[in-house]
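Letters are used for the chains, namely A, B, C and D, taken in the order the chains are written, and counting of residues starts over at 1 for each.
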Amino acid sequence: MVSVVSRATRVALREMALEAGAREAATVVAPFVVATVVLAGLGLGPRPDVLRSAAPGVSWLVVVFAAVPLARSVAAAEREEGCWDLLRGLAPASALLWGKVAALWVWLAAAWAVATLLTAALFNASTTAMGALGGGLGALGLAGVTVLFGAIIGAQRRSGMLAVLLLPAGLPALLAGTQASTPGVDAGAWIALLVAYDLITLAVAWAAFPVLLEG
Amino acid sequence: MTRTARPRTRLVVVGLVSVAALGVLAASGLQDSLVYYRTPSEVAARPRSTTQRVRLGGLVQRGSVREDAGSVRFVLTDGAAEVVVLHRGDPPGVFQEGQGALVEGTFDGRRLFRSDLLVVRHSNEYQGADGETYRPPDAAVGAATP
Amino acid sequence: MSRGAVERVLGVLAALAAAALVVLGLLVAPPDAVQGQAQRLMYVHVPAAWVAYLAFAAVLVCSVAYLVRRDLAWDRRAQAAAELGVGLTGLAIMLGSIWGRPVWGVWWTWDPRLVTTVVLLLVYVGYLGVRGLAVDAHVNARRAAVVGVAGFVNVPLVHFSVVWWRTLHQPPTVLRPAGPASAIEPVMLVALLAGVVAFTLGAGWLYLRRLRVLARRAAPPPVSVGARPVPSVTVVRGDGE
Amino acid sequence: MSADGAMSLSLECVSCCFGPTVALAPLTLRMSPGTVCLVTGANGSGKTSLLRVAAGVTRPTTGSRRVPGMAVYLRSGDGARAFQTPRQAIRFVGGMRDSPGSVEEALALLGLSDIADRRVRELSAGQRARVTLAVALVCRPALACLDEPTAHLDAEGSVLAGEVLSRLVGDGAAVLVATHDDRVLGKVADSRVHLRDGVLQAAPW
């Protein structure tokens, strides 16, 4: 158990170091988030009340869509740069899974935070503590789903397939995250849904990941 | 190398975690939040905003329908509370008194609900036009409270 | 009975059931008192949805069987079932939309039943898309099996969405706790059951045909152990120089 | 000959097919610990398939594979991400294998000390091949499957590759090497096998 935790930590730290070097998540996701929020602001029209009520939904939509390019870091990038086979041999499946989930959790939560701050500024929307809690919880479940489907797709080919699988699987996070961060909605029940979503996605990812790592 | 758990162990863990997750959901009272429409009693109990869009469902009260050119006015009820609905546009063909209906729109003043979308909600009960051969019991109640 | 004979018998039975469905559904059953002629769409919409559930359950069973046995025959069964399920779900959504237009007054609405059904369709479209990503048939089969097992979560969600949540879609008529007897006129129920039988037989017929095509395409591995002596090398220290 | 249970690699009647293509016809290959086996053959003769099946990264179509411990498959240039530095890549491997002490030693052995903090993508192909060899060394595997380890390497580098093989063998590993360069590596080889169209040729061929 200790060795799995320490190895998962090493995998996660390696992801952080890679991001510090390549800034792939930052350069792919940050412009995407900004562009989407700005375009959504223009597309949803000039009425301030419409924009304000759409803000939580726009933030979450951006996060769910950002998971698609981020999934590349799970297996596709490793494979292209000749590290996937080494990683599979080097790390126990659970260490690889939790390390990758931890890293994606950070990227997705960051994407949510940036999107939420942007909508707060551009759409004049307010943010709540419950919304932030929902952001963290939703990003965790979404990270589990992203790692699972990133390993399933495995390569850059047909990443549209990834979208068609990832987006429906991210639907509970989209729905509950949006409601939890909408002012005036009783957030407690939605937070509970996010906790249930996290439990289920992480358990399924844990159970299925070793099957996907086999040769 | 740490050994990977056996497939059956993994399935059992997923099952247990799913049960726990469903328990969390059951305890959360999400049922009340995740509704497609509200009933007249529910909106009567809450303060009304004149800007917020509401989806309202209930039974069309018998004898309340008045059709004008391009609009229809009727009373939507759930047995406890009533809302007067003014719908702009022609109602769908199967719209009739005593049937379930859903309207979308905003409240205007105290009791008038201005709707721009009228959807008929049909029950899960079916019978031929010749009602004498077959008469399902409590047909009206079933439509309002699923 | 040979495989081909089963297939032919199923085909004939499916055709007969379909003929019975047409007669019962269009001629014998009366139009609904409230919905009129549009209600006749029930005799195809409901069977399509039911047989789609059945197909996805078959995907689940075959996917688990593949993961346990690692036999590509189970994977082919799962694939054929998923293809049927996707087609029938699409059909059910289309027919439901056509039914909804005259009865509800809209083609589509954001109701839990409708949304969960579309998600179900998307997931299994993804399931089919995951195949063919890798060169190795077993890698494809394994990835698909994971999606096939995890994706089945949607099926109870779709079925019970109308019971758990307040929806526009009507709750089940036949599969309800009190039974169908008090909710639907017997002749309508007979027509509906004829639809279910016709769809099930037709789906079974298509399934067998598809399975045959898939099995023909998947030739057995072109190697056989034991046909000739297998070259054998054992490396021990200091063998070479 | 040692008993079968003590083998570092046993492939029994293993074959590898991709659809109708036979990449590797059935063969049996056993390696005892501390041995080097060179795999030669023309392009497309099945060398890589053999190495991947042996390392366990590709599932064999028929037959069984057994390796008591960790196996690694490394192509020349593999083992480090483009934006890692050689030191980061090798330190990660050392950490995962609980052998952090060998990191600097491997860097020094392969002449990477001066470039250990540059990004891998700024390195030449030969330098990357050296990083791959350092990764293999730090892995301390039971079985190392090295695919063309001397590709892009200069004469001095090829000698270093031979040195790496010796050290792996010294640690008790079995090393399976696909190569066209058997002048240098042949010196440390215990055995050679030749593949022709996926069929293992019995030595001497």
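Keep in mind that, in the parts below, contacts are C-beta pairs under 8 Å (C-beta built on N, C-alpha and C of every residue); 3 or more make two chains touch, one makes a residue touch a chain.
Treat the numbers as computed from the prediction; the structure is a model and nothing was measured.
Student: Which chain pair is joined by more contacting C-beta pairs, A-D or B-C?
Tutor: Top pair by contacting C-beta pairs is B-C.
Student: Mind having a look at which chain is the central one, using mean CA positions?
Tutor: If we average C-alpha coordinates per chain, A lands closest to the whole-structure average.
Student: Report the inter-centroid distance (CA atoms only) between chain B and chain C in whole Å.
Tutor: Computed from C-alpha means, the inter-chain centre distance equals 30 Å.
Student: Please compute the C-alpha centroid of chain B, do the same for chain D, then give the distance between them in whole Å.
Tutor: Chain centres of chain B and chain D, defined by C-alpha means, are spaced 66 Å apart.
Student: Can you check how far apart chain A and chain D are, centre to centre, with Cα atoms defining each centre and the answer in Å?
Tutor: For chain A versus chain D, the centre distance works out to 36 Å.
Student: With centres defined as the mean C-alpha position, give me the chain A-chain B separation in Å.
Tutor: So the centroids are 34 Å from each other.
Student: Identify all positions of chain A at which a residue touches two or more other chains, and write them in rising order.
Tutor: 200, 204, 211, 214 - these are the residues of chain A that touch more than one other chain.
Student: Which chain B residues touch at least two other chains?
Tutor: 1, 7
Student: Quick check: what residues of chain D touch more than one other chain, meaning two or more?
Tutor: In chain D, residues 58-59, 70 touch at least two other chains, as defined above.
Student: Looking at the whole structure, which two-chain pairs count as touching?
Tutor: Applying the touch rule to all chain pairs gives A-B, A-C, A-D, B-C, C-D.
Student: Can you name the residues of chain B that touch chain C in the complex?
Tutor: Of all residues in chain B, those touching chain C are 7, 31, 34-37, 57, 91-96, 99, 102, 117-131, 133-134, 136-137, 142, 146.
Student: Can you tell me which positions in chain D touch chain C when the two form their complex?
Tutor: So the residues of chain D touching chain C come out as 1-2, 13, 15, 17-22, 25-32, 34-37, 58-59, 61-63, 174, 186-187, 189-193, 199-203.
Student: What residues of chain B sit close enough to touch chain A in their complex?
Tutor: Per the touch definition, chain B meets chain A at residues 1-2, 4-5, 7, 10-11, 13-14, 17-18, 20-22, 24-25, 27-30, 32-33, 51.
Student: In their shared complex, at which residues does chain D touch chain A?
Tutor: Touching chain A: residues 52, 55-59, 70-75, 77-85, 88, 92-93, 95-97, 119, 135, 139, 141 of chain D.
Student: Flag every residue of chain A that touches chain B in the complex, lowest number first.
Tutor: Going through chain A, the ones touching chain B are 3-4, 49, 92-95, 179, 185-186, 188-193, 195-197, 199-200, 202-204, 206-207, 210-211.
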